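So, here's a batch of structures to check.
Each of the two complexes below includes chain A, the first together with chain B, the second together with chain C.
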Partner chain A sequence: MNEVAFLAWVRGIGFQIALGIFIVGMVVRWLEIFLLGKKHDYSAPKGSAVQGAIHTIFSRSIPEKSTWQRSRVQIVTGYVFHVGLLLIILFLTPHITLFREFLGFGWAGLPNSVVDLIAVITMFALLVALVRRLQDPVLRFISTFQDYLVWTVTFLPLLTGYMAYHHLGFSYPTILGLHILSVEILLVLFPFTKLMHAITLFIARGFNGATAGHKGVQA
Partner chain B sequence: MSTSLGAILREQYGVSRRDFLKFCSVLASSMAISPTFIPRIAEALEKTPRQSVIWLSFQECTGCTESLTRSNAPTLESLILEQISLDYHHTLQAAAGDAAERARDLAMKANQGKYLLIVDGSVPMGNSGYSTIAGISNVDALREVASGASAIIAVGTCAAFGGLPHANPNPTGAVSVSEIITDKPIINISGCPPIPVVITGVIAHLITFGVLPELDKLGRPLSFYGQNIHDRCYRRPFYEKGLFAEDFDDAGAKKGWCLYKLGCKGPVTYNACATLKWNDGVSFPIEAGHGCIGCSEPNFWDAGGFYRPLAVPTEGVAQLTQMAFAAGGALGIAAGVLNAKKRDHAIAERETVSIDDLKRKG
Partner chain C sequence: MSNASFSRGYQALKAQIDAPIAAYFSSCVHCGLCAEACLFFTETRDPKYTPIHKLEPLRKVWEQEYTLVGKLKAWFGLSTPLHDQELADWQEFIYNSCTLCGRCSLVCPVGNDLSYMIRKEREGMVAAGHAPDGQISAAKRAITVGSPMGVKFPALQAQIKHIEKDTGFIVPVNQVGAEYMVTLSSMEIMNYPEYLEALARIFKHAGKTWTLCSEAFEATNTGIQIGSSDIARELVSRLVNAAERLQVKTLVSPECGHAYTAIRWEGANLMGKAFTFKVQHILEVLEELRQQGKLKTEGLETARMTFHDPCQLVRRGGVIDEPRNLLKTVAQNFVEMEDAGKMNWCCGAGGGVGAIEQAHELKTRVFQRKISQLDAIKVETVVTACANCRITLEEGFEAYNREMPVLGLTELIAQHLVEEPATENAHE
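Coming up: the complex of A and B.
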């Protein structure tokens, strides 16, 4: 397969396979969670479950004081790479072009040089997170194969995207194809790994918040 | 009559020495050859006896020949082309029928092992009757003429990579020259059509240095195809700033913004258009307001629509998305029902423990 055919494959059949698996996986996981339902709470409500849910979804994004004091580096790198990833995914012009294809509308992108800088910072934060995971004995002990897998499939799209933008290492069609392929791998693994936290995080917070809200306590 | 190319240019076409040297320096710079070689190029072109060339045209649209011979008459490029000893070219030669084929036989015999074979068009491998010349199938003609050639130049994407005839569903089983001939040096001058000066440059290189120019992994001369269109594009600053034309006649297009969103394939295309340009250096497609379609790359016809941006999938995915949602929904509900059953079952199986049981165990 030559590089143009490879690029055509990842933009064609490869993308269709990945998107198909991603959507099916996401819908199945989501339905599974919601169909499990929540036991009805017969106690008299002492507060609003909905308000509690909404409150917790946001409040948990702010680190607790004691946690903050204990693991500053972890929290900062965590924030940096999550925000960085979001910015890159949502505000690089070629990405917006892709979203427009799905949604029918687009939005203004950031200049490439800005996204480029964000990408470098994000990759750095991810590397710091990995080094910490490897150095901290407790973290290393509780890390599984999946943690490293998920780190890799998150890092690769960034790395290949950066290389594609700077024409590093490979010819442009090859590196662009590899970039798209790396995202396709991410899409395929997403519903079946810890990456799913991007969605379940809100469901879990919502459930906890709703329970607490019903009881009239803070979550 | 003098037989060297330089003499013909001077005597018959009245090309001055100055113009000739200028042409040699253009050739040298376009091939990224040091200017110190200009006298050597000039000398070789002047002294070398006319290079015998046999040109075979297979499944092609004659666009390549048009590009090379009628680009802007009469340029030095076209003079060079005309003044090589083009012993056989069924579009350009005067002779026809048997006489033409005889001319080819004669040239082959006279210059056995020394003539240059230029091919445009792809070769049909499906049915030999798809394309014949004087009753000879393309593949037979290619094999026969290639056997006595010193080198082969595959002109145009059809000859180099299969091109349009090779595009899905490839009804004739079209293949490139290099898929049939494997024992001769082949230079691919791809493009649909290729830039005229590239072929004269390559011929001049062969005559001057007697060796093939340096080629990339697709067999294309690196000096012309080593450059990425996007890297040399004058609209690149707009790309970097995120300024894109969204439509062919919107304000962005009028301001000359980047054509990425209109499907430009410049980022994945290697060719010299952005630097050498077309029509005697007047402009090139992107300068004329249309994105690059990637015509110098293999399979470019099948590499997704010309107007679909590189970042989007080659085909619409709306239907696939709907189907995936439906399948996911069905599977998810099935899984949900199974999970609920499992839960109910587990609840039903629970053993109740009384205080007495605990007391007894303790």
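Coming up: the complex of A and C.
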């Protein structure tokens, strides 16, 4: 397959396959969780479970004081790459063009040079996260193959995107094709790995907050 | 607990997994932040005490039984099924180094309720026969004798007589129609008889009717601690039957955190129906009486004091303001520890850890957390509201050579009650 055909494939069939697996996977995972159900709580409530759930869905994004004091580097690194990824996905002009194609509407992007800088910072934060995973005794101890796999498939779209923008390494169609392919790998793995937390964390926080709210505790 | 076997344990673990647990395992990003929430890690720096690691057996069962990926992995021989030795090895994590304090559940950024899961994981451990011996025998005593420490009613009766003789207060037993049915923990009967005396004083002062029940005075629930719903249900049903028979309005949980969780939150679910009576912790009762103006106190403690929040009260019960409001009415120099309230650090021996012999050294080691918290504020007295915290604090201070009186809040309040002239005459 030459580079033009490769690019066409990842843009066409490849993308459709990835999106298909992503959507089916998400439905499967959703069912896997909710079909398990939850027993009715007969204890007399002391507070509102619904309010507790809503509260925790938001409040858990802010670290509580003693955690912040004990794990600053970890928390800052986490924030930086999450915010960075979000900004790049949503506010890079070529991405917005794509969204416009799919959704029928778009929004204003950030200047390319700004996104470029954000990409560098984000990659740096991810590298810090990786080094910490390898060095910190707790992180090294609890990490599994999946943690490194997920790190890699998160890092690759950034790296290939950066290389495509700066015309590094490969011919433009090839590196663009690789960039799209890396995103497709991410999409395929998303429902079946911890990447899924991007969705399920709201469910988890909701359940935790509901339990706490029912007991009159602000979680 | 009889006929425990691995396959029963496995089935029990499988049965415990619900939608919240699936959401929690799906969300864990292995960030490791829960480690710094757990005093068993912070005081030892040993990664094996990371809370999420304690859940590995349950996670395995979840993945292999309830996820497509887990099934595929097993199919291709990429994962090993859970085996008995693994459960045996995990006793150290699921019991010895977890007090179910709930701190990790408030810290995890994706919102995982880790202590909820560890509590459930214990159900599988009991069914597989891997609960610690100390806890198993305590649970057996609770079922056969009626109390985990082997305290029988005659022992309590002797104490009641003693109190009535010394103070002139009446300690009612089996009074039908009383407003409050009071329960105790064996620890209070054995080590802190002052508690019952304090109650007698308080209820008299407040003009409230109350009673003990001769068949259900023990409120601690070893079934909850060990993780056996069957035992827990049997123990809770004794209290429920007693409260219904005596037609009381409110069942009062003693100064014991897990007793409160057992009867207040798990009780109705174990019985499978809502209670017809209210359940309150003694501190909630006291605070209500205070707000109604029925607790008149006099005199202030001058010592520099702090309050140690029992985990189950703050993190699993929302009882945060009550002890502070109460303590401030009788203490002049009340100061807070760092992280006081919702994020207070566990004493290190709740959740049944205190009953596990093999955990003794570890529990003493992690008490360093409390010592650090207290050293920072230089107090002279610690007040708490849980008999188990109290004994742990006392033993901890002894191990660390600290002179530090530990008081129960209920007794402290009772000591400061204004004596009504009329009742005073009656006593003398």
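Before moving on, here are some points about what is shown:
The definition used in the following text is that the second predicted complex is superposed on the first by the 219 of 219 C-alpha atoms of A that agree within 3 Å, B and C clash if a C-alpha of one lies under 4 Å from a C-alpha of the other, contacts with A are read in each partner's own complex, and residues count from 1 in each chain.
Just so we're on the same page, a contact is a pair of C-beta atoms (placed from the backbone, for glycine too) under 8 Å apart; a residue touches a chain by one contact, two chains touch by 3 or more.
Computed from a predicted model, the values in this text were never measured in an experiment.
After overlaying the two complexes on the shared chain, residue contacts for A:Arg11 are found with chain B alone; chain C is out of touch. By the touch criterion defined above, A:Pro63 lies against chain C but remains apart from chain B after alignment on the C-alpha atoms of chain A. In the superposed model, A:Gly104 makes contact with neither chain B nor chain C.
In the superposition on chain A, contact of A:Gly47 is made with chain C only, not with chain B.
Touch counts on chain A: comparing chain C and chain B, the chain ahead is C. Of the two partner chains, chain B and chain C are each touched by A:Glu32.
The residues of chain A shared by its contacts with chain B and with chain C are 28-29, 32, 34-36.
Contact residues on chain A toward chain C in their complex (touch as defined above): 28-29, 32-39, 41-44, 46-47, 56-57, 60-61, 63-67, 70-71, 74-75, 78, 136-144, 147, 192, 194, 196-197, 200-201, 203-209, 211, 215-219. Across the complex, chain A is touched by residues 17-24, 26-33, 35-37, 41-42, 45, 47-48, 50, 52-53, 66-69, 105-113, 116, 264-269, 271-275, 278-279, 314-318, 338-339, 342-343 of chain C. Chain A contributes residues 2, 4-5, 7-8, 11-12, 15-16, 19-20, 22-32, 34-36, 93-95, 97-98, 101-102, 108-113, 167, 171-173, 176 to its touches with chain B in the complex.
Contacts from chain B toward chain A in the complex involve residues 218, 228, 230-231, 239-242, 244, 260-261, 267-268, 270, 294, 297-300, 302-304, 309-315, 317, 320-321, 323-325, 327-329, 331-333, 335-337, 339-340, 343.
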